[in-house]
């Protein structure tokens, strides 16, 4: 296969991937509400973004849930990894198997099952239930990020620390945690991403009370989406892009970055 | 008269800014076991890969049986390689691995079956056809890799440090195996290693390389007994390398003492490097030899005792089967044939490698 | 020893967050509104409406998975062999679109594919007939492929990158052509990645309702749509659970097949 064909193929795929995004970004600057006709350049949707209370509350919900869920999931997940590694191979396989269920399961099943559970146990569907649901599907991602790092580390350094007189807790803090930090961080970011972008699980567990950005968008699908949402998404997208590019240039570690990019962009 | 099979002419190869080979030329004859020997980074593996077709030289040409194969891809060359890490196909069993090249050349299944059996017998792995690769030990994997290459009846076999991962005993066994194979098959072996013992044991010809240049080329005896510069002397075997002054032909002055030697053509009163192998030094009672000194170090190696003797202002490394305890006063002597004179290094690559522990 | 206790919160969470909820679905699936045992919710799959939806979902999911694979494998190969600056950067470019909200990206295709939309306008300027795929199953396949393509590319790319270059060189050394190397070396050794990719595309495609809502004009019913409706508008949780159980059979089959083909669990997207 010649270089030319390969390049053309890549370009076609890239165009395929970016066409919708570019379309959205372009229409976020459209004067009118229409998604088909261009009536002129305008920033009105961006301005409106800041006044639309419904949207502001959706933004707040989305990010507050995401940060909380990611934080809690990271703590539970990291602790879990440490605990699991100390178990027998058998137990490890079984538990990791269970860990994979939310990952491989359809999100609709996760959403429905959680909804049924909440209601059966008398919970009202609100911000809290959404948070609990998000934590549930975030934990596996954290474990998936931290486990390989923990396994890679091996008992070597930890044992060396004990040999030099450290208590287990100290060895842990000073030796193990710093080594697996990249895994913890990427796990956190991965969980955060999955939470921000989630729609289906939130759809079922939110009740009528709250909206996240995704559910707000969905509610407008039938009636036509207000371009304020395009504006919002464009802003988020550009912010993320800038952050990732900066991170890209700030650190210089190739393989770590690669991993990071894969994981972070799963959403 | 030996026929030239492979010829490398003026090969230059650089990776990014690192020039690995510079105007490198080499002739390989038919039915020869030639070893490229040198430290890591000297260019030996790159040379091998260029012969195999996995790298293309930036400059220069490669000839095979007189034909220019510089741009011929590896799958079209009648040359096979045994890789350092064996590179066995993990998803195929032993038999399928060995049969791979044969199936590609479209041989009949009866022929292939026989050839696989023959290949396994050749490397002493009879009956291993259905074994899985992951169930094999390092030595066994290595032999499968060799069988896989050999059954294709290449004219030239390239071997890239194949014995590196094996333990000592196994390595020694494999060295004899390789010699036997070469004699039995009558094909040319181009072997790459940094281990001088492998090179000396198996080769017809040794090419000592450093920094992309050939430091010396010759039979194992020539390389060992008559090193041409400090690098070769130091890299091969143990040696004492000491400054000397060539008074005139066949006379050299070391440690302010005159020694008769057998080398000529190094000029008059010229500074030279002198190489004396530790096993060639004769230990005697003080006054019996040319230099008087004292034993300052003594370690039992097994085959011999390794001693350091301070004499004439130089710490001599001496190997002897008789032990002289530390502190004994002794004398050292050497017969003229065992003194090897070398030119002073003309470039960095000719200097002995500095190992800073 | 006490280290194992650290995993207790997690184990508790698995139990409460995964095991119990799945049990709830099973409970609702096998009971009726009054709580009596029944298998009506399960055999409901054979009703024409439901069977059709399931059939359509399976068909579209299989097509999307196949298309994703056919697009992704060459792409992964090209990425593997690419020397365009740092490899991480190239992969980054392909993952970046996922940062735009998934619903909006799918919506954008509606815009693009509409009668008066960009795609058709482009076709018209090239004097080609306009394609009316919006609101047809074809559009849904397009949406599925678009949304899930990265999930197929990444595991395959990772699997390919894990293949030792020496092995590929050995194959060439033994006389293999490029085609041979692909068939006998690259494909077999990337099976864990392929299996992972297939599962990660097939399951979401099979169970989606969002894509069919947005690109199907509300007229095309996949099994996901039916189930979603039973839980929201129709409020027949029992039926919804029963149909979910049927759907989960296919999910479990996929997971089992994946476990068979990727024994070491290395075909992950990480």
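Going in written order, the chains are labelled A, B and C, and every chain counts its residues from 1.
Methods note: a residue touches a chain if its C-beta (ideal position, glycine included) is under 8 Å from a C-beta of that chain, and two chains touch if they have at least 3 such contacts.
Keep in mind that what you see is a predicted model, and the values were worked out from it rather than measured.
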Number of hops, subunit A to subunit B, where each hop joins two touching chains: 2
Between the pairs B-C and A-C, the one where more C-beta pairs touch: A-C
Chain centre separation (subunit B, subunit C; CA means) in Å: 56
Geometric centre distance via CA averages, subunit C-subunit A, whole Å: 17
Multi-partner residues of subunit C (at least 2 other chains): none
Complex contact set, residues of subunit B against subunit C: 52-54, 73-76, 79-81, 83-85, 87-91, 100-101, 104-105, 148-149, 152
Contacting residues of subunit C [partner subunit B, same complex]: 164, 166-167, 169-177, 180, 184-185, 188-189
Residues of subunit C that touch subunit A when the two form their complex: 1, 3-11, 13-14, 17-22, 24-25, 28, 71, 74-75, 78, 86-89, 91-109, 111-112, 114, 116-118, 146, 149-150, 154, 158, 199-200, 203-204, 206-210, 213-214, 218, 224, 227-228, 231, 237, 240-241, 244, 247-248, 251, 254-255, 258, 265, 268-270
Partner subunit C, residues of subunit A touching it in the complex: 6, 9-10, 13-14, 16-21, 23-24, 27, 35-37, 76-77, 79-87, 95-96, 98-99, 101-102, 104-110, 112-117, 120, 132, 135-136, 139, 143-145, 148, 197, 199-200, 204, 213-214, 217-218, 221-222, 225, 229-230, 233, 236-237, 240-241, 244, 248, 254, 257-259, 261-267
